[in-house]
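The structure appears right after this line, and notes come after that.
Chain lettering (A, B, C, D, E and F) follows the sequence in which the chains are written, and residue indices restart at 1 in each chain.
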Amino acid sequence: MQMSARNQLPGRIKKVKVGNVMTEVIVQVGRQELVAAITSGSAKRMKLKIGDQVFAIIKATEVMIAKE
Amino acid sequence: MQMSARNQLPGRIKKVKVGNVMTEVIVQVGRQELVAAITSGSAKRMKLKIGDQVFAIIKATEVMIAKE
Amino acid sequence: MQMSARNQLPGRIKKVKVGNVMTEVIVQVGRQELVAAITSGSAKRMKLKIGDQVFAIIKATEVMIAKE
Amino acid sequence: MQMSARNQLPGRIKKVKVGNVMTEVIVQVGRQELVAAITSGSAKRMKLKIGDQVFAIIKATEVMIAKE
Amino acid sequence: MQMSARNQLPGRIKKVKVGNVMTEVIVQVGRQELVAAITSGSAKRMKLKIGDQVFAIIKATEVMIAKE
Amino acid sequence: MQMSARNQLPGRIKKVKVGNVMTEVIVQVGRQELVAAITSGSAKRMKLKIGDQVFAIIKATEVMIAKE
């Protein structure tokens, strides 16, 4: 399966914080941590847990640039 | 200036592809490449060019998780 | 590969309109047409063309509700 | 009222799951289910409930394409 | 028609910059200018032009907070 | 620090509603109220509270146009 989303970063789940409707997933990607806010329904369906090998997927139109 | 966006990844611009309305910016973040689609107006105002030290900024609600 | 994105709608590509940076893809999903604006880089990499069987993928946080 | 959002899918609410800040709304659109994560403030203001005729609205820049 | 999108700001179109796939629309909202990047298909369908009374619509999950 | 996000609206926090994973922040921008849904982690890290001077930041690709 190919995805049009340009950013597909491999990493490992470091933390899962489950709320009623939304769940926060922290993924270690190289030296960076990435935070995803997904529905708790998805987190449950995919049985996401600490240590899982995953990809953080981000559409290019959602990425901003900051410069000092 | 602090930003609520949870994901702020430091990198260096590798490529800038300018279109009429939208511009694609490729940022090298560690071993990963990140692609951002921003308005050409922003790219011009910030004078983005190859080699610039920048941050790729992504709101947590825009990050998805994929798992094999 | 499982995706956290809650909305994964199967369809067939009806039209591809290629721009310099962005490309518009129209997908027939049942009786509905769905329009996606993705980067031209993705459209080229995936060799998207009329007739392709694809999925339109949408994160739940991107869906709004309207009511009369 | 016309909306620039290209995707306006008519359906009927199948489930509303209310959280403190966010609410999940499941809409039956033809043979598909669509999931929306909106603020609980909006769900309350619009009095969304099972059976309501609604539209799921999605901006084209939020739609991705996947292909096998 | 009621929309779940929490932010619906009334204004007047100040500029329309049409590209092949995407169009930039600048809306004067009070003393602020708001910039929208929508598909050129929508801009054409709605016949958007300078002086039009419009609303800029933004989903709450798309708004970030910055603080000095 | 310069941001590519085209919309940076100065205002003052009027309300903060904290949930487990997500927090709603209402910002008074001129005569308008803007609602942001951010992670509770960000709200805590930035110590957001009523009366804070902030900016509401919105990427142009997230803004839609509605017209009567």
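What we mean here is this: a residue touches a chain if its C-beta (ideal position, glycine included) is under 8 Å from a C-beta of that chain, and two chains touch if they have at least 3 such contacts.
Small disclaimer: the values here were computed from a predicted structure and weren't measured.
J.: Which neighbours do subunit B and subunit F have in common?
T.: Per touch definition, common to subunit B and subunit F: A, E.
J.: To get from subunit D to subunit E along touching chains, fewest steps?
T.: The fewest steps needed to get from subunit D to subunit E is 1.
J.: Could you tell me which chain lies farthest from subunit F when each chain's centre is the average position of its Cα atoms?
T.: Max centre-to-centre separation from subunit F belongs to C.
J.: Among C-D, D-E or B-F, which pair gives essentially the same interface as A-B, with more than half of the residue-number contact pairs in common?
T.: More than half of the contact pairs of A-B reappear in C-D.
J.: Rounded to the nearest 5 degrees, what angle rotates subunit B onto subunit C on CA?
T.: It is a rotation of 120 degrees, to the nearest 5.
J.: Express in whole angstrom the distance between the two chain centres, defined as the mean CA positions of subunit C and subunit F.
T.: The computed centroid separation for subunit C versus subunit F comes out at 29 Å.
J.: With chain centres taken as the means of their Cα atoms, state the distance from subunit E to subunit F in Å.
T.: 17
J.: Can you check how far apart subunit A and subunit D are, centre to centre, with Cα atoms defining each centre and the answer in Å?
T.: Here subunit A and subunit D have centroids separated by 22 Å.
J.: On subunit B, where are the residues touching two or more other chains?
T.: 1-6, 19-22, 24, 35-39, 41-42, 46, 48, 57, 59-62, 64-68
J.: Judged by the touch rule stated earlier, which pairs of chains are there in contact?
T.: A-B, A-C, A-D, A-F, B-C, B-E, B-F, C-D, C-E, D-E, D-F, E-F
J.: Taking the complex as given, what residues does subunit A use to touch subunit C?
T.: It is residues 1-6, 36-39, 41-43, 45-46, 48, 57, 59-61 of subunit A that touch subunit C.
J.: Could you pull out which subunit E residues touch subunit F in their complex?
T.: Subunit E residues touching subunit F: 3, 5-9, 24-25, 27, 29-32, 34-38, 42, 46, 48, 52-68.
J.: Contact residues on subunit A for subunit D in the complex?
T.: Touch residues, subunit A against subunit D: 1-5, 19-22, 39, 41, 59, 61.
J.: For a test of understanding, state which residues of subunit B touch subunit C in their complex under the given definition.
T.: 17-24, 35, 37, 61-62, 64-68
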